[in-house]
Structure formats: structure tokens, C-alpha cells
Amino acid sequence: MNFDFNAVIQAIPYLFGTGMTFTLTLTLAAASMGLVLGTLLAVMRLSPYRLVSVPAGIYVNTLRSIPLLLVIFWFYFLMPYIGAWVTGASRPINIGAYKSAIITFTLFEAAYFCEIMRAGIQSVSRGQMAAGLAIGLTYRQAMQSIILPQAVRNMLPSLVTRVIILFQDTSLVYVLSLTDFLGAGAKIGQRDGRLVELYLFVALVYWVICFSASRVVKFLERRTRVAR
Amino acid sequence: MNYDWSWTVFVDLSSNGVDTYLYTLLMGVGWTLALSLSAGVISLFFGSIVAVLRTAPSVWLHFIGTVYVEIFRNIPLLVQMFLWYFVLPEVLPKDWGDALKQMGQPWGQFIPAVLCLSFYGTARLAETLRAGIQSLPRGQGQAGTAMGLTPLQVYRYVIMPQAYRIVIPPLTSEFMGIVKYSSVALTIGLLELTGQARAMQEFSFHIFEAFSAATAGYLAINGCVVMAMHYLERHFALPGRIGWKARMKLSGSAS
Amino acid sequence: MIEFNNVSKWYGEFQVLDNCTTHVSKGEVVVVCGPSGSGKSTLIKTVNALEPFEKGTVWVNGISVGDAKTDLPKLRARAGMVFQHFELFPHLSVTENLCMGQIKVLKRNPEEAKAKAHALLDRVGLLAHKDKHPGMLSGGQQQRVAIARALSMDPMVMLFDEPTSALDPEMVNEVLDVMSDLAREGMTMMVVTHEMGFARRVADRVIFMDGGKIIEDCATSEFFDNADARSERTRLFLSKILQH
């Protein structure tokens, strides 16, 4: 075995400038939009109207039962048809792998965020809502000023953990030949015949980032526990 | 819009010219099942051991367990898959590496995939089980110790039988996770369910039939996982369980 | 039978046991009382090494508990312990709870263990519940099963860690009755409890602890009847606990 880590050092500008930038953009875009959509889904799932809660339940449970890779393929091929349907075009519209990836991860993560939000809201004891109504607040006011602040604090660690998983899962865009951090490493590795070095380096960088982020979760968990 | 949906595509001959698409998809289901089952069983076994290490009173055992979990939890599964498939044969002694590289389809892909999913699954199941063990009242372990059981006996006869019961619900989603993650094996060329659907889509252009079939396959497999775990939960439920739960909460807050 | 010599223990900076010296003779019943956090539970848990200690020695029947060479499982098998929250094993039936230690630790054969288990259940009045799981029993019944479980190991000493403080009031007496019977039969017992009526009736000696120190260690009648000779803290504690 002779390792040549010079190949890695020379690749660093490309790995981070192109690869990591894409990975982070995708993570942040999917996390923020997924959070909005996930909140909406959670509200739907908790709704007393079955016409609203059941479809949301089916959406969430189906997406959580099938592999992300399959979902990536689904939307990659489905998006052009949906695009055509929305715009009324007569033939499928090519929207490209990049947009397709962002839409896929947003829709997929929303299902997971929804379940975290739902658990968070349900973790606040029923007595809190009763106490809010008892002092004369309306349902909306009690939800906004009593339930949600507590729920958000309870679910913050789970949300951050989910974003870490999302960050790891974005590497799956490899199958769409997009140049995320892993994809950048693979490209350089194949070009220079240095796959071993590049993959090891990519693994190390992912590890450092995810491990540090998981320490933040630990900190948040401890703070939540003390505050209770 | 002009998508030409056809149910009969499943009985058309696949790209190998011999089998129908239905048959190749079922083969995919078979590999997905084989992969998930092997990885699930191995992960449960070693995950139990790592969970015990993580809760052991010895600083060193705890440290070893923690290092294991933190390594395998914090690297994306796809990267781990590439490490097992591309990197491992290169860093092993030359004879071994060559032997690995010369293994043909499908075992040459299946074995690294099982290794990858098992090492990853072990870390995840270890965390689930650790949470279960730590949710037990501390007095349970003390009671076992006080009657003269050795630490291993305390785990074997007192802690683990209760911990397994407690973690059945989160274990269900972990096992579903293993089924879902098994699809990552397609990236190293294993034709499991997603891989077969992708192959069908590439050759037949019947994109949505192929992916619908795969989706139905995963829903069916994970439906079976849920039902099996429900059965286990009912089968091992403890008589007087409600009182038991109430008491656990009581002793948890009092200590 | 049990001797504590200058036992001290720290949790980090905090000292839980401070130079505790006392003894329990064969056949003696000693009640340990004191405010919460006084170290009384910790003291009796040093007897079977559930709580390790940093300084001093504890001898049980001539065996040093703190000695690294001591076979702890063997020692623990001979010291029965009853916990505040019973700690019956919820996944096992009542009979299995009583057989586990006999089979796994004492290596008795299952038939012999079962016979012994049923005899002891009969003795605490619970033979009818032998095949139930602990979750189906009341707190008082569970604690009586726990006592029978400890007795199944033929202990030479019984340690009780607040055996009645997790019970509903109406169930306290059924447990205390079983304990009184045990004492009458000559069992060596160390009991951490706030049940001063039980102490007065059954105990030979009373130990009062506060802040990890043994403040009082005297005969029962002396402890309750000669209030003037007691320390300020003891009198304060007794006045609070005896008021109602």
C-alpha cells in the first residue's frame, strides 16, 4: 500500500468549493423548506377533521416506509410530468437533477419533521392546555403562547438530529451524478486513480462535522432537561 | 400528457432476454429480504453487546462502546458502503484484497453490503437498546446483584429480558430503517429491489410501472415488519403491565 | 456478625458516610433511622457491597467486604435485601422470582427450588398467587413476595431498605407483621425505616444517623425513653416524626 495524500491536498479547493457548498446548500434548503411543510403536515395530522388528518397521515407514513433512494428516482422522473401538468405544456419539462434533488429532499424530510413536531406537541401535558383555557385564553392563544414554546424546546434536539441525518443523506444524490461533497471526491478519485485516499478523506470530513454537530445536540438535550 | 401506462410490461422479457420483469423484480425482493434479514440479525446480536458495553460500570468498556457508536453513526451510509467495497480490498493484505475483488456477482457485492449495513445497524440498535436499558429503574440491577448474580447474569436474566420488551416499538422503526437502507447497496451494483426497478426503467422506459412495483414491494415488506413486531409485542406483553408501568414511573422519579 | 469500622464514603466532594463504626450481633434486630440524605441507606448497602466505600472496613461473618479478593456474589447470596420499590422482576412469575437466585446462584435443582419457593410463599400468605406476575399484585403483596425472595437464599442476615415507605398506608402493617415474625424467629436484621412503632416493638437497638455520621447507637428503650440523654438533633427528629 502506498498512500498519496498529496492528491487529497490538491483536491481540497474543489472538494469544499464545489462539493461541500452544494451539500450544505441542499441541506439548508431542504431543512428550511421541509420544516415549513412539516409543520403544516403536523397541524393537519393533529386536526380533528379526518378529511384533513387522514391524507396527511397517508403521505407521512408512505414516505417513511420507502427508501430515500427510491424517492429520489421517483421524483427525478416524475417532476418533468408534474411540471408539464402545472404549466399546461404538452410534453415533459426538463427541470434538471439539481432542482429535482432540492424538491425531493424537501418533500421527504417534511414527513420526518412532521412526526417530530407531532411528538413534540403531544409531549406537552394536556393539563397545560386546560390551564391556558382556564385563565381565559382562546385555543389559538393557548397554542401559540403556552403549548408551542414548550413543544419547540422539547423537540429541538430531535430536529437538529434529523438535520444531521439529512446532511448525511444528501450524499445519496450521487445516484443523480450531482457533484456533492462525496460526488466531488469520487470524481477526483477516479480521475487521479486515488479513490482510496479520497474516500477516506471524505469519510473523515463527514465524521468530524457530524460528530461535532451531535455534541451540540447533547448540549441542547442537557439544557432541555435542566429547564424542566 | 402522453405517458403510456401498461400493466402488461411486467410479463415482458427483461434485458437478460430470459426472465420476465415480474421475475427480476421478485429476485430483487429476494435480495432485499436476504440483505435486510442478515443485517438485522447481526445488528441485533452485536447491538446488544455494544449496548451492554455502553451501560457497563467499567470506564474502559463504556469507552469502547462509545467509540464504536460514534464512528459508525457519524459517517453517511453511502460513504461507508464505498469504504467497504472500494477501500477495504485495497488496505487489506494483497492476497485477501484480491480474493475480495475476484468474488463475482452477486456475492462480491452482497458480502460488503451485509458488512456495511451490519456495522451501521449495530451502532443504531445499540443506541436504541441503551435507551431501553437506561429506562429501567436502577433498583432492578441492584436487586439482581444483591441476590448474588454476577454482572453478566444480571444482564442476561434481569436487564435484557425487560429492555427488549421496552424497545419493541423503536426497534420496529430501526428494522424498517434497515430494509430502507438496504437499497443503498444498488450503488455498488447489487440488484436488490430498487436496483431491479431502476434496471427495468432503463430498459423498458416504463418508469412509473417499475417504481410503483418497487414502492409496493417496500410497503409490503415493511408492513410485514410492523405486523411481526406487533405480534412479538403482544406475545411478550407482561400481565399486569399497566400497574407495572405506573410503578416504573414512580421509582424513576423517586431515585 | 456484622462490624463496621470507621467507614467513610464520598460522592465526589460530598461525604455520604463519615467514620461510621457499629456492629450487629447474631440474632439482633437493629433499626437505622434519620432524615433523608443522612446516609442510612448507603450504610446498609455497604454490607453487601452495593455501595463501595473508600475508607474503613466492613466485616460480615469474618469476611471483609472491601477486600478485592472477596467473592462478592457468594457474600451477597447470604445477605438478603429488601428494597423500597420491591424490585421484583416484572418479566417473571412470582414463583420464578423466588427460584432465580436459588437456581442460578446456589445451583439448586429446579424441583427443590420450586418446593422451597412455595413453602416460603405459604409462609407470607401468598401461595394462592404463586403463578401470577408481580404487576398483578398490590404493593403490600409485592413486598411480601420480595421478602420471601430474599429468604429463599437462606440468608444469614436480612437488610431492609425502607421496606414500607413506597406502600399505601393500609398495606404497611401486612409487611411489618411478616418482618416482626422474622425477628421473633431469631433472624439477624438491619432495617432502615421511619416506622418508629415497629422500632419500639421489635428492635433491640436503634441507630440514628445525620449528615453521614452515626449520632446515636443505643438500646431501643434507652433511645425512646431516656430523651434527656439524646442529642439535640435526635430529639428534633423524633419530635417531628412522632408528632402525628
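In order of appearance the chains are A, B and C, and numbering begins at 1 in each one.
The rule is simple: contacts are C-beta pairs under 8 Å (C-beta built on N, C-alpha and C of every residue); 3 or more make two chains touch, one makes a residue touch a chain.
Owing to the predicted nature of the structure, the values given are computational and were not obtained by experimental measurement.
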item	value
Reference chain B; chain at largest CA-centroid distance	C
Most central chain, judged by mean C-alpha position against the global CA mean	B
Distance from chain B to chain A - Cα centre to Cα centre, in angstrom	21
Centre-of-Cα separation between chain C and chain B, whole angstrom	45
Where chain A and chain C are represented by their mean Cα positions, the distance between them in whole Å	54
Contacts with 2+ other chains: residues of chain C	none
Chain B to chain C touching residues, read off their complex	137, 139-140, 142-150, 153, 157-158, 161-162, 165, 238-244, 247, 250-251, 254
Chain B-touching residues of chain A, taken from the complex the two chains share	1, 62, 64-70, 73-74, 77-78, 81, 84-85, 90-92, 168-169, 171-172, 174-175, 182, 186, 195-196, 199-200, 202-203, 206-207, 210-211, 214
Touching residues (chain side chain C, partner chain B) in the complex	48, 50, 73-81, 83-85, 87-91, 100-101, 104-106, 132-137, 149-150, 153, 166
Contact footprint of chain A on chain B as seen in their complex	1-3, 70-71, 73-80, 82-83, 86-87, 90-91, 176, 179-184, 186-187, 194, 197-198, 201, 207-208, 211, 214-215, 218-219, 222-223
